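What follows is a group of structures, each given as structure tokens.
Look for subunit A in each of the two complexes below; its partner is subunit B in the first and subunit C in the second.
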Partner chain A sequence: MQKINHRHLIIGVMLSVTVMFILPNLIEHYTLSLLIIYSILALSLGFIWGFGGILCFGQAAFFGIGAYSYAVYAINIGESSIPFILAILTPALFALILGAVIFYGRLSDVYLGVITLVVTLILFRFASATAGPEYAIGKARLGGFNGMPNFQTLNIPGMPDRYIWDMDFYYLCFIIIIMCFIGLFFLTRSSFGRICIAIGQNEQRIELIGYDVRKYKTILFAIGGGLAGLSGALYASWAEIVTPNLFSLGQSAEIIIWCIVGGVGSLSGPILGAVLLGLLKYYFGQQSYIDNNLVLGFILIIFVLFLPNGLAPTLSQLWGKVFKRKNRQRKNLNSKRVRMPNKKAVS
Partner chain B sequence: MDLAAVIIVEILYAIASLVVISSGLAVIFGMMKVINFAHGEFMMLGGYTTIVAVKSGINIYISMLIIAPLVVGIIGVIIERLIIRHLYGRLVDTMLATWGISMVLIGIATMIFGNTTEGITTPIQGWTIGDYQINGYNFFIIIVAITIVSLGYYLLKFTKLGLIARGAMQNPDVSAALGYNPDRIYMATFFVGAALSGLAGGILAPLVGLVPSWGTAYIAKSFIAVVVGGPAIIAGLLSSATLFGSVNQIFSFLFNPVFGEVALLLTAVILLRILPKGITNSIFKGKL
Partner chain C sequence: MSQVILETHNLSMKFGGVVAVDNVDFTLKENELRCLIGPNGAGKSTFFKCITGLHKPTSGNIYIQNEETTHWHTHEISQLGIGIKTQIPNVMDGLSVWENIWLSARRYNDVNNANRRVDEVIERIKITDIAKKMVGELAHGQRQRVELGIVLAADPWLVILDEPAAGMTGSDVDIMIEIIQEINRHAALIIVEHDMQFIKAIADKVTVFYQGSILMEDNIDNVLADQRVRDVYLGRKV
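Right after this comes the complex of A and B.
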């Protein structure tokens, strides 16, 4: 069983590398990079929600913190490798502290949702209010509602003059998402990952078996925060400006919608959702007859009412029916919510 | 002295406006346990209804106290019948579905009214205390808040209707066995909640420039007011509104309005950590 999964993984990686070289011929690479960044963000929520059962309404907070801390460090340091790492660590640390407050207080799902939402709003308000020159971290002025432009974008480590941009940036993003996917793939198969999956299925049972649920959830939350920070740092480098809108409610909503549409419980689902909806938004953004919110809202309602498992599990069921799968045992392992990702990402 | 009076009025106003904006949510979330993320958009609809009614020549008080709640209440019932009634008892799914509803409502409002600010003028003149100017409309909001709270208390505590509603919220099966249709009661309660949100939107409409995404500014505030308040709807709403209103205004005076809001939200996070089940579950236990 493990072996089969590895075979899937290797085929998946090879396929996605092929896709990586084909895609730029079909869609503009500038858009593609953004889709990949969104996919990483979706992956971060899909991971903690689908595997640990933590529905965070404020994933945008970590995304924004990642982007902001990248920009702040980049302005102060002037070279991108250290800021890039710090941009992952800062939101991870923030998530660790926030997670510890929430999970060690044993707050229920609803309060988790409310608190993460409120924290996102605090950050949004705060970031919007930092227009004056007194709000500066080192050399970096936070800039209030206008945001922070003019920071060092990604460069080849050690060479501040050689920027990674255009096609190279696209390839970098693609390689990063493949690495994230493989990392999470193995993480879900490690003992830590299995315990997290079990917590997502039945928290009380795991508590009674003797694991410290609070610790596992906090660490899982921090990993999700770090991943979101990674995508934030990439976004900052892509957009070349960070604004308080990164913290907005709309951003948080979008991440959740990606996960719902793609399907939580697998790693490929959120990526599928982010790519599909990202493309949809891209095409809808070019017309002005129908408002974007309206479309996204309808999609969300329809999926909650009729397709609560999302597209990826539904598609994989269809796939399973069409190509009669040999090992039926795996089906038994798949519970209602949590599915093992047995196919590669559709990128 | 003048400054003190002004500050007291401002604090009372902050408390009252928190009560006004949270009361609709208190009914929908506090009684029905439906996490209504579309609450802010119900308010936005109330605001637009008021503005449209006033601009078509209807008296401003009639439009915001009667027309806005009615229209939003009816929209609320339609939404409840179509979507929310299928999701009772599934907390996370209702959260997501109402979030979808809120986006749809924002989208519709943007398509109808466009992304421009709409506004009407306040019907009450301001007056001066010493060197300071006070907005007369603040007193109107304080009076409305007092009316909402006392009417709500009276309805829930002393009338048969309130008793039936409370019974159905506590145990729908028992109330069904006693001959009251819980489905109908839920529908009526949702109507009341939505109507209160519409009222809040209508009342606040003259104070702000209305844009389709206006409601999102209030959703977090009203949520934490209700959640921190805890299970007792009215006592909870009053105590948390008092606390948060004072915190908000005091910090606004000391620093600036944005810090007032940040302080409010931070207090909420800390309070939720200390009293995860709300104020009324630990301090005013057993009250209504």
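Right after this comes the complex of A and C.
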């Protein structure tokens, strides 16, 4: 079994922290915060898809539930700590129930895609149709298509007047994504993680060994839902409004495209995809010559045709080849160096 | 007297109008090695899938150690201590040989014991030289052995193998025969097989399937001498 290299992990964290301080000099921190939120969302799908083989077409549903849950709880409670936790737990619970129905019902992958897509559509329709005053949870009115503004954004725990915003919000998002990455890194190397990876590769064999595949997939699905909910809660605090568009099909499709472009099967791939495409979207959004979605679609086609593994695995393979070649050259050089003194000794 | 560990009563499996397994009564005793043979389409593999939970039988009952398992899921049947190997090597191609076997050992052991168990199994089935290789890179015969390693790592008391020698070369078959005989010292086996040379080398008692039913059940010499079995294999109607 692959052992955890703690030295690499510590170096990785130190590098990430350095990058965290350098990035705001290059890109506006408001945009960076959004890119990190998108990265967590991409990671939520990349994790369940790449490691457990669960391709969910409705990850936006959990993202939206997370955002709406945060807004509803924040309006009712006033302080952000508990709403933030509940905004992770609510979509995780929703994913757990939905996952249990799908996996214990032994529905095939095609139906998994269809059901998650339909659930997203239902939530979108429902959230859009809640304009009336009767659609309220406690003090929180759902607001229909206009969404829900005016809720408490993130604050320092126990201090509702001390908001976490501006650069602090960016730092918080960065620390959260590092924590998510490390958490998932350890999870993939735990027994649970190894079993999930094996399920993604050969579900029947794992069942023949005696593992209850349904249980593992349901838990994995719930973890993905919770992660998407976390990004939803951060998004709600970033945008200061939640609207039904969070549940849109476009949002769901975008998450899948991030993962395909970045590459599934690694934790860094989905993050890379979300950041690169998010940046592209940001820059293309500033001009009016060409439609954003056209560019996204074009990039997707290019990747599916020429880089089907995605960016991260391709870069990793290239790195491996270059590194191997350098090692070989160094070995050859060393062996020549060893022979030279022998010649001298002979002469 | 040996105890019955697996039995089926009137087991049937239909796919639409096709009867693949027809009212089969079958018993297996402790430490027995039983081969299931028969021509293509005789129902052996469907019977295998019924007793391992991969198919839910249309009617009849399956009992494993006096417990009815007819409608159990595969993982529940496996958890009874039964090792199952399917016809096509059913392995995780993207993981190493060691990891493949570890997943099975980990199911019934803590991490340290699982690690020790994997090393034991790898040595036992003679794949030490390929232990670190990715399974996807291996030849067919090696993949078959890796799958057998997965089965053995759980230390089963009953092993059910579907065509373990399929697609293997001569030396691989010899190793497989050796491994099967070694397994049989501690566990009972049901082996679905086509290769008569292989069956002759390992079989004690043989059950012949024909058109979904049991045609005969006897020791290997009597089975091979029986005219009905010869006719069945030559495609003549019995």
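Keep this in mind: the second predicted complex is superposed on the first by the 320 of 347 C-alpha atoms of A that agree within 3 Å, B and C clash if a C-alpha of one lies under 4 Å from a C-alpha of the other, contacts with A are read in each partner's own complex, and residues count from 1 in each chain.
Criterion: a contact is a pair of C-beta atoms (placed from the backbone, for glycine too) under 8 Å apart; a residue touches a chain by one contact, two chains touch by 3 or more.
Since the model is a prediction, treat every value here as computed from it, not as a measurement.
In the superposed model, A:S191 makes contact with subunit C only, not with subunit B. When both complexes are overlaid on chain A, the residue A:I256 reaches subunit B alone and has no touch with subunit C. Once the two complexes are laid over each other on the shared chain, residue contacts for A:Q201 go to subunit C alone; subunit B is not touched.
Within the superposed three-chain model, A:T31 lies out of touch with both subunit B and subunit C [touch as defined at top].
Residue contacts after overlaying the shared chain place A:Y211 against subunit C, while subunit B stays out of touching range. Touch criterion met: A:G105 reaches subunit B, while subunit C stays clear of it. Touch criterion not met for A:T314: it reaches neither subunit B nor subunit C. Looking at the superposed arrangement, the partner reaching more residues of subunit A, out of subunit B and subunit C, is B. Remark: subunit B residues 35, 83, 86-87, 91-93, 95-97, 99-108, 110-111, 216, 219-220, 223-224, 227, 256, 258-259, 261-262, 265-266, 268-269, 272-273, 276 touch subunit A in the complex. Listed in rising order, the residues of subunit C touching subunit A in the complex are 52, 54, 73-75, 78-79, 84-86, 90-95, 98-99, 102-104, 106-108, 111, 115, 147, 150, 154. Taken in their complex, subunit A has these residues touching subunit C: 1-2, 191, 194-195, 197-198, 201-202, 204-213.
Interface residues of subunit A, counted against subunit B in their complex, comprise 55, 57, 101-102, 105-111, 113-115, 117-119, 121-122, 125-126, 128-129, 249, 253, 256, 260, 290-301, 304-305, 308.
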